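Naming follows writing order (A, B, C and D), and every chain is counted from residue 1.
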Amino acid sequence: MQINKVKEKMTDLLSDVFDGATIMVGGFGEAGSPIELLHGLIDHGAKNLTIIANNAGNGNVGLGALIGQKQVKKVICSFPRSPKGITFADQYNKGEIELEVVPQGTLAERIRAAGAGIPGFYTATAVGTPLAEGKEEKIFNGKKYILEEALHADFALIKAEVSDRYGNLVYNKTARNFNPIMSMAAKNTLVQAKEIVQPNFTNPEHVITPGIFVQKIIEVKEPIIETIAIEEGLTYP
Amino acid sequence: MQINKVKEKMTDLLSDVFDGATIMVGGFGEAGSPIELLHGLIDHGAKNLTIIANNAGNGNVGLGALIGQKQVKKVICSFPRSPKGITFADQYNKGEIELEVVPQGTLAERIRAAGAGIPGFYTATAVGTPLAEGKEEKIFNGKKYILEEALHADFALIKAEVSDRYGNLVYNKTARNFNPIMSMAAKNTLVQAKEIVQPNFTNPEHVITPGIFVQKIIEVKEPIIETIAIEEGLTYP
Amino acid sequence: MININSNNILKGWDRNTIAEKIANDLPHGAYVNLGIGMPELVSQYIKDDREIIYHSENGLLGMGPSPNENEIDYDLINAGKKPVTILPGGSFCHHADSFSMIRGGHIDYCVLGAMEISVKGDLANWSTGKGIPAVGGAMDLVAGAKNVFVMTQHLTKEGKSKLVKECSLPLTGANVVSRVYSDYAVMQITDIGFKVLQLNTNITLDYLKSVTEGNVYQ
Amino acid sequence: MININSNNILKGWDRNTIAEKIANDLPHGAYVNLGIGMPELVSQYIKDDREIIYHSENGLLGMGPSPNENEIDYDLINAGKKPVTILPGGSFCHHADSFSMIRGGHIDYCVLGAMEISVKGDLANWSTGKGIPAVGGAMDLVAGAKNVFVMTQHLTKEGKSKLVKECSLPLTGANVVSRVYSDYAVMQITDIGFKVLQLNTNITLDYLKSVTEGNVYQ
């Protein structure tokens, strides 16, 4: 029997998602953002989600649309402002959605730490700023650092360029961003890939996310391009 | 003017090395071990070195030979035993060389932490064992972890397959091992590459060590293969 | 301390049989790290009804069998520094990433040898307390892998039991072992002792108890 | 608080001149992160006697200029989420690796805008205290880069000095700024105040002192 993590149906890919789940969403801006998986999550209908991502959505597609459907109770991110980030801003201004702002590098490292089995680490980032309030401090070589804890998730939604049936992933250019570390940090990593290839075609030197970090994969040959979708006024559902 | 980190002479590559320096040596066993740079270091003659590596040399080539020349006062590693690791064993048994044994994953993570600006992190590895003695403990979610600190170095000696003039590196198979993280952790990363190519030939998706972590490079077209060298009785100098 | 007269040591399963038992307990799709030495035998007994992915801590996922003499690549070695191969779907990574797989709980099973295993699941397998200390990746594996299987002879050649109340040798990890596969029995470590899952037909429970410190139960 | 009547605000260097001054102070071979907005101008003034490598914190090293309209790739963007290009010798990496370059002190210079800079080198540039809080990578950059250069107007349009004794806005970092490039002067932050390295010829030291809180000296 052969390992095969590829699913044909979006409903199979997302079948384990539950209300109240913590979900990491890959991407930085539109690059590497798993729009089709997010739309699948709208169809799925899970509620009270905590989203960990760099941003909080743009327009009414992808994460912006998921928030628009009121499925999200909290966003943990570094930069929740986008030119057309209307759905988050709306709910935030009405006090309907929680926000935890984390410096981008600390966000990345907290995610990586979860994947690497590191429960906490020290960083100089944010020392002396409001984002360090309430955090444990420690001096190393005469310099002050704060303790940051690992950020785990139940699910990670990942967009890749190519996958094989093991879930070995490569990304396209800066669409790599948070995807590899989120793949490590979630209990269940769910991937949309533009192309699924035979394992013989994955060069072992070029794999960015090894299959060990991936649970399920679906092929999405022509994913939506956010900029164009927003220009064209696309909304989901 | 163009950035060009390539040196023609080994003496130029190693010119900054000083007595008492802390030097990381890439490689796991013979794979990725920078034998020619280590031989250059023997010619250079720096003394009282602290070596950070996975092993402590095998036979009388590379790190084994450097130790044989009594240039090393201390080794920080995970596994200082090798089938023909005579030079270290000799000096260790006579009390002439210091040893700090670190679990291999903790060693890797301490090196990566230095490169990533993380002064300390917590790990469950070694909790309850003699290697945790004297280390600070902390409980996260009811489980005990110990604090491990970053391991920095003055120099890293790295073996790569291919480099360009910026120091963008790729490695061959399991010769990757400690090389990428040591490149990050040292103030001066000195590289031997089998081939130096034009930057146009480095695929930006496939670079493993970006040039930002590399200071000097030398081409060593046909590096010594340790197993064969030891079989043939090679010793250096 | 239990010390059996070596004339009274009963014969149990041979190492291939133990390896086969472990192989049958590794589920389809598992990511597995096999320790150097005896545990390496396990891969030979994986049945066709499952695919197992082998991890070698020196940055190799999808490790294959040893190469032919003429296919040796000294840059493609395993954690024991022996030449190996890589299978389709395999990948290379650096040491920090490789140990992230271990420490982060992504390795489903590791199989290791032992010098001593305590009834609490403590393991000693890295140091006799003599010679040059060398730990390698053993402490990371036992702390990080989801399931730690120990493959061992129940008694040393001198008749000393390896299954003890308290380890006398330096620990590799405390409370880390899930299951022990010895030549006499397969035993799960539980809060109340060694629970016998399978007993060698040559061995009675009374004999097993006589060669095992701590609570043994079925 | 210094608040100049806007009729009395003197004209200083334009933003291109400030950008050129910064460009001239970046040495050959430097790894540089340019903040979104005004700092992006700096790359246009790098002379041929040096090669500078640009880092964008979303995993791009060796960033090149904007693409032509027909060459836009929405998967190749900068930290400001605008399409860019990659130069030969560039590389991609994931976010944890990219911020390792920053936090680990591998970025030689970062150039950022400011709302307030204190005489101690504190910087406030991420929050007015109003609206949706959004920090991005600013705190990581100021904490990690070897040299933090601030590029700013000396006075706000309303005539309020941005160079203050104590920042009133939420800090981005404490004691992090190396040097301030304003339209009036180039100033190094030292233990005893703003040390003037270069003064705009339209500006007297007395005027500079009148529009700057904290010790200003030459």
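Rule of thumb we're sticking to: contacts are C-beta pairs under 8 Å (C-beta built on N, C-alpha and C of every residue); 3 or more make two chains touch, one makes a residue touch a chain.
Small disclaimer: the values here were computed from a predicted structure and weren't measured.
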Using the touch definition from the top, how many steps at minimum link chain A to chain D? 1
B-C versus B-D: which has more C-beta pairs touching? B-C
Between chain A and chain B, the Cα-mean centres are separated in Å by 34
Using CA atom averages as chain centres, what separation in Å is found between chain B and chain C? 29
Quick one: chain C and chain D, Cα centre-to-centre, how many Å? 56
Of all residues in chain C, which are in touch with two or more distinct other chains? 86, 92-93, 96, 99, 102-103, 144
Check: chain A positions touching at least 2 other chains come out as 109, 112, 116-118, 123-124, 171, 173, 204-205
Chain-chain contacts, ordered by label, are A-B, A-C, A-D, B-C, B-D
Across the complex, what residues on chain A touch chain B? 109, 113, 116-124, 138, 140-141, 143, 145, 149, 170-171, 173, 204-206
Interface with chain B, chain D side, in the complex: residues 28-29, 31, 48-51, 53, 55, 61-62, 86, 88-93, 96, 99-107, 144
Chain C touches which residues of chain B in the complex? 28-32, 54, 78-81, 88-89, 92-93, 99, 101-106, 108-109, 111-112, 123-131, 171-181, 208, 225-227
Please name which positions on chain C make contact with chain B in the complex. 56-60, 73-78, 81, 86, 92-96, 98-99, 102-103, 122, 127, 131-140, 143-144, 170-175
So in the complex, the part of chain B that touches chain D is made up of which residues? 1-3, 112, 114-118, 164-166, 168, 184, 198-200, 202, 204-205, 207, 210-213
